[in-house]
């Protein structure tokens, strides 16, 4: 385990890629296979993390901040599909995200695309300065 | 939101992998599923970004620069398929790209391959010094 | 080959994303196609590496450390599915992992998902400070 | 274009993940869809790059160096399947690779898996100190 003084992580993370298909998802009934865009956040420190997420678009001003909490020593696999305050994430729309935290965290971006029955996956670490 | 003095990002990004299949795309009619190679660029600062993209090949001199603009506080999911000035990106040809910006941006590389009906996805952050 | 004094690597690696489906794996019989979550570890130095892996969850305290050894000049493609001491990795449960090594190593995260017959793959370098 | 004095890149790159299926590839006839493990190397400087690739395994000493040249201002999408001097890369065997260059280059790892007809893709930047 990590000493509380020095958990690995950064306070700002950037994910330039984002896209959520229409919710119908090809008639998928099983929630495990429903398509989603996820930011996997790990807070391995001893203080709860308060995140502020800002979404950027191609042709309008940014949306947010979306407020999310990740408790100490916990991971949150946050689905962008579920964000709805201050506004839902528009479907079939290119977006990008910046995640700011008040304590160090690590963020990985993952997408499951199930529109064509066969699953497709992508993942990459988010970018941090 | 970020203070305009210090938006996260870098001015030079490198994507060694690039390959665009033939345009026919297996007869795909729906543009959402058409295969593409994308550089997702986020400019979360308060100044517009002017990009200069250079393409490198296996056996000829580089092409470019391709000039692209990403406005302040906007993201551009740029499809290499659409670049055509000074010349189109050749199909079925290995290439690599270097993206230079006059202000800090963040770049993520994504490919959607739909040649076999089932989708395949890859994504990674571009590399920056 | 690398001089033993300076093998490339880091001592702490973070993988925020983790998820293992139910073991049945859609009736897959061929072990090559069985779904798995993997941490590919390379120890290219001249001293054996002792790893301590800690798993983080959404709603309980972390598990571990899991102890794993990677000999000098060897790679280990470690399947999280196989970890069982001090406890198995729960299925269908979001988790994250931190890998700590006593010598420098490099870690890449890969998932093969075969739940829908068609394979889906993701991979990214783990994150290191 | 980049001034020759300062091309972006690094001299050492690490890819912990590597695995080449059996060559039969499910009877695939079309070379574009044949499965492969690739290291995409970009040399955007003005001097040719001489690469030395070392392969690491789970249970034997490393193989190599494999010698590869990437000319100035060129990219090489190198298929590990094609390496055969000093020895072919064993099939169905976990391996890892370290790529050392005498000038700065950038390396991205990509795998196309076509064993199940539907394509699966993964990609990530290689790791550099």
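We call the chains A, B, C and D, going by the order they appear; numbering starts again at 1 in every chain.
FYI, a contact is a pair of C-beta atoms (placed from the backbone, for glycine too) under 8 Å apart; a residue touches a chain by one contact, two chains touch by 3 or more.
In this text the structure is predicted, and so the values were computed from the model without any measurement.
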Hey, what chains does chain A share as contacts with chain D? B, C
Among all other chains, pick the one whose mean CA position is farthest from the mean CA position of chain C. B
Quick one: report the Å distance separating chain B from chain D, using the average Cα coordinate of each chain. 22
Starting from the mean Cα coordinates of chain B and chain C, work out the distance between those two points in Å. 30
Using the touch rule from the top of the page, what residues of chain D touch 2 or more other chains? 117-118, 120-125
Looking at the complex, which residues from chain A come into contact with chain B? 12, 14-19, 21, 54, 56-59, 61-62, 65, 92, 94-96, 98, 109, 111, 113, 115-118, 120-129
Going by the contact rule set out above, which residues of chain C touch chain D in the complex? 1-2, 8-9, 32-33, 38, 40-42, 44, 73-77, 106-108, 110, 117-125
